[in-house]
Every structure is written in structure tokens, then in C-alpha cells.
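Down below is the structure, laid out as C-alpha cells.
We just call them A, B, C and D in the order they show up, numbering each chain from 1.
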Amino acid sequence: MIISVIGSSNPATTEHVKLAEAVGRELARRGVMVVCGGLSGVMEAACRGAKSAGGTTIAILPGRSPADANRYVDIPIVTGMGYSRNVIVVHTGRAVIAIGGAFGTLSEIGHALGDGIPVVGLKTWPLSRNGDGVAIDGAIIQASDPVDAVEKALAAAAARDKAEQAKRST
Amino acid sequence: MIISVIGSSNPATTEHVKLAEAVGRELARRGVMVVCGGLSGVMEAACRGAKSAGGTTIAILPGRSPADANRYVDIPIVTGMGYSRNVIVVHTGRAVIAIGGAFGTLSEIGHALGDGIPVVGLKTWPLSRNGDGVAIDGAIIQASDPVDAVEKALAAAAARDKAEQAKRST
Amino acid sequence: MIISVIGSSNPATTEHVKLAEAVGRELARRGVMVVCGGLSGVMEAACRGAKSAGGTTIAILPGRSPADANRYVDIPIVTGMGYSRNVIVVHTGRAVIAIGGAFGTLSEIGHALGDGIPVVGLKTWPLSRNGDGVAIDGAIIQASDPVDAVEKALAAAAARDKAEQAKRST
Amino acid sequence: MIISVIGSSNPATTEHVKLAEAVGRELARRGVMVVCGGLSGVMEAACRGAKSAGGTTIAILPGRSPADANRYVDIPIVTGMGYSRNVIVVHTGRAVIAIGGAFGTLSEIGHALGDGIPVVGLKTWPLSRNGDGVAIDGAIIQASDPVDAVEKALAAAAARDKAEQAKRST
């Protein structure tokens, strides 16, 4: 199982960095791999947390060198595609945990929700109504702390797996 | 000059379709080309408006066939890349006009603002604070009607051109 | 109708530049648009030829600025995706004309033939056997001069259109 | 260290499948990870070989589901970008081993050599002259058997690492 963790590169807030590190650690404790954009800030913190618990970390890098990855990355995927790599970050996880975040994170939330990929939010973008005027309060699954975020992401990923398996066997 | 128009495919609201058609028409009247995602709803309305005033329309298509484009598209660009094509939609315009919109539009707004591309909003996503807690009320330039949106987009595009030329000549 | 023209950026040979200019001109005379990678060498020559006959030229740019396009480009598509944009160059044409070419051109020939897009060659890569040992002499349609290349590309594009329409109406 | 293995999906020849399996196994024995396109044929054989020696396998998938990966894949990267994912396959390895191959493999060889990524060939595409008429006999490093291919790929990757480190420290 792979879960995506998204959020700001530096400067990320101290609070978000702590949350991301705890999320990475909790994922690794449950044997779940972390995929992220591979750079600094929240991405680095999630990788550091995962490694502290013996986990595996995957980076989807925008540039052309694995040397761009933070030091806690095990598997650097080198896209050379710039920020279009954001789509791959969210597609590679079975669910997404969004922690804080600026505009890059917003693009990832948009791609994920547009493609039916569950997003769990930990103090992330507040989105209550879309541009078409539709209420979307429940679109991001709200979590209260890192353990809650991980548990909700795993539950959503399991439900997604089940739905997709049912579809394939039809 | 090329300006991007983004918003929902069908079902789009009647109001947003009317706004998009007027935006396309006003852009074409000023000799500006329209780029969009090439499908239905707001995208089709923007193209129809542009063609009604003799403009040129460009579609950045997610699939592998030009036959996916709406009937008002002059230049179908066939990416075969799925929704990663959203990045190309916003990069190809010198500014973006967002009309209404669901999650695909949100991903485009995120990509544009993350890359310093001006976004003018016409009844689009309300975004007042990002996930990191920073106020971003001014990030999307608000427009009151199609003519206002076009004028603000052209002004922002001109300012961007000037800034980038200054940077290149340094 | 859009046809792709592919080949080397500078340094391109004088012979290939002349061929590309003639190909661009012949396409434009028949009302066909030219799409290419938008940079120098064969790409620039094809655009210059097309503009000399009043044609329309489309560039699929690897970088993030329309200022990267050669001066004969009408429609700069800004991908920001590096050389993954090569796939879009060949998908956007209904057939491809390859003139000379180095490794970038080889990647485009591979993508085109792998996806069933016809490739006409004008003094391009000699490919007689694939890596699996299969003879592929006929894979690239050989042309003797620019007019021949354009006529063969248009015939192949028409056949492809017909086959795809038949498939869609099934 | 990650090395790319490229070649045909089914039907691949029995000979190429055996070579790919041995290449995967030899890479894994040396503690090297394998990245490939994740599908059948040569890709599956390379993954199977790597797993037989306790290695780690990475798939860069064209579609939108990790269920598309062959059963020997540990890390399924889900791009949703179709065959533009070929660029990522070759960028993610520090060197590429090409075994046999049809047009998809040709596109990958073109992308790799165009970007300065070393390619080692094991009974792959014969390329002796490019479209510009330049002799390129040495462009693909020829290997005589799987062990030779792996050793040459690792030597080329080490030389590339050294050159890029020197460049970064300038």
C-alpha cells in the first residue's frame, strides 16, 4: 500500500512539519509506503518520519536529477516534467493526506478529487463551496491529528480498492 | 496573444455558459486567441463565443483523438496525457480567466498561481486562505462581468510580458 | 488538417533545412497547418516555409516561455514538460514528416510508429530491423522530395482518418 | 542505485525474456533496483529475475491503476500519462539496459541518448547512422550477455554520477 503526503516545500510552518513527520512515522509503523514530491518542507518531514520507523519513501521529482530529492528518499522517480508531476504524486497513492499547503498542494487536491482519489486533510486548504456554487464541505475528509489522518486515509484507500476490484470483476 | 479560459465541462450552469461565451467573444474582438481544455460546457461556450467574433480557438485535449474536441475548436492539440494536460492549458495562456469550475478547474488555478500566471475570476472558486493559514484574498483578480474579466486579463498579461522581458534582458 | 514536421534543431544540415522549408511551404499551399517542436533548425525552417505561403504554424515547446519559439511560430503551446513534449508533437499531427534527425527525432519516430501514426521519411533515420529482429523496412514511408513527402503524408492521414471514423461508428 | 530495463511487452521473444530475467537477477544480486514500464514481456521478466534474487522493482505505469502492473512489481508508480511515461522510465535509471525491443523501446532509446543517459544494448535495435547522416555506432554500448550488460551499465552509471557531481560542485 502506498499513501501520498502533500504540503508545502520550505518555508513550511513548524506545526505542519511536525504533523508531517508524525504522519510519515505512523504510515511506516503500519507498513505503508509514503509517496510525495520529494523536496523540502512537509515532503521532507514526511519522509524523515517514515524512515524513523523503518518505512519506504518514494519521491516524484519535478527536475532531472535524483540529487534534487531530500535525504530521506529511498526511491527517487525522475520525471523531468516540472509541476505536471503533481498528477503522478496523487495517482500513485491509494489516498492522499494533505497537510497545510500552498498553490502546488491546491493543484494536487484538485487533481485528486477530480479523479476520485480520497483526500484526508490535516489543517489544509479550507474548501466549502466550488466555483459552480456547489457545497463541497465533505469532499476533503477532515482529520484531527496524525493518527486519525492515517487511519482515515487507510480506510478510504481500502474502500477505494474494494470498489475498483468490484468494477474490474464486472 | 493567447488567454486561457477554464471552467467546468457539462454539466456547467447556464449562467457560466453565458459568461464563457461572452468572454470568448470579447477576447476574439480584441484579436486575442483562446486556449482551453477543448471539451464541453464552459470550454465549448468560450470557443463558440470566440468563433462568433472571428477568433481563433486552441484546445489542449486530454485524450488521443482530435475528434474529442468541441466543434468550435480550430487547433486541436492532442496530448494523450490525461489531466496532466491541465498544466499546459494554463501555461499556454499569458493569463487565465476562470469561470465557475469544479475540481479540474481548481487544479488549474493551483498550477497557474503556483507558477506566477495571473488568474482572473468570474464567479469562480472562493479562496480566501491557503492551507498554510496565509490570507490569499487578492490571489485571484476578481472581475464583475465578461468585459471586465477580459480587460483585467489583458492588463495582467501585459504586465507579465513586461516583467519577463525585463528579466530576460538582464 | 495538421501535419507534424520533425528533425534536428541547430546544427541541422543545409540540405535538411532546405527540405524542411520546402515541406512547410507545400503543406501551407494545400491549406494544411504545421506542428513541430518550435525551436531552431528543421523546426524553424518548416515554420518559415509555411509562413512564406501564408500557412499556420504551431509549436509544442518544451520550456515555460513562448519566447523560446522561433520567429515563424503563430501558436506557441507552452508545455513546461521538457522532452516529454515530443509525444504531443507527433500526436497532434495526423501524420508525421521526418527530415534527417538525431536522437530527439528518433524518440518521436518511436512514439509515432508505436501509436499507429504514419511517418513519412525524407532522408531520415534508416531503420530496417527492430530490436526484436523483425524486418520493418516499410514502417517509415519513404519520400523522394518535399512534394512527394507532403502528398504521401496527406494520403496516409486521410487513410488514418477514414479508419478511425469507421472504428468510432462501429 | 536504480537501472532501467526496457524492451517489448508481449509478445516478446523467448530469448529476450530469458535475457531480461537474467539481467534483473544480476542487478538485484548487486543491490541495484530495477525500474521499467511495469507491463508484460521483457518488463515482467526483468522484475521476476530481480525478485528471485531479493531485489526491488519499480514500475512506471502508463495507465491509472496499480493493478496494471505485473505481479513482480514492488513500487507501482501510476502516471495516467500514457506513453509519455517512457521519458520517466529512462530518466529514473542512472543507465538503461535495452533488450530487444519494438517502437516503444525505440522511443526510450531516443529519449535516453538525447538526454545523455547511457544505454547498454543486449540484442537491441541496430543503429549505425542517424537521420542527419552521422555515424553513431558507439552510441549504444554493446553487451554480449546479461552479466556483461549489468557490469557495463553500472560502470556507465558510475561515470555519469561522477561527471554530474563534478558539474554540481563547480
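The criterion applied here is as follows: a contact is a pair of C-beta atoms (placed from the backbone, for glycine too) under 8 Å apart; a residue touches a chain by one contact, two chains touch by 3 or more.
Here the structure is a predicted model, which means the values were calculated and not measured.
Taken over every residue number at the interface, the positions common to subunit B and subunit C amount to over half, indicating a same-residue contact. Of the two chain pairs considered here, A-D and A-B, the higher C-beta contact count falls to A-B. Distance from the subunit B centre to the subunit D centre is 39 Å, each centre being the mean of its Cα atoms.
Centre to centre, using the average C-alpha position, subunit A and subunit B are separated by 27 Å. Residue numbers of subunit B whose C-beta contacts span two or more other chains: 64, 80-84, 87-88, 115.
Listed in rising order, the residues of subunit B touching subunit A in the complex are 7-8, 12-13, 16, 81-84, 86-88, 98-111, 113-115, 121, 123-127, 129-134, 139. Of all the residues in subunit A, the ones that touch subunit D in their complex are 2, 33, 56, 58, 60, 64-67, 75-81, 87-88, 91-92, 94, 115, 164, 168.
Interface residues of subunit B, counted against subunit D in their complex, comprise 64, 80-84.
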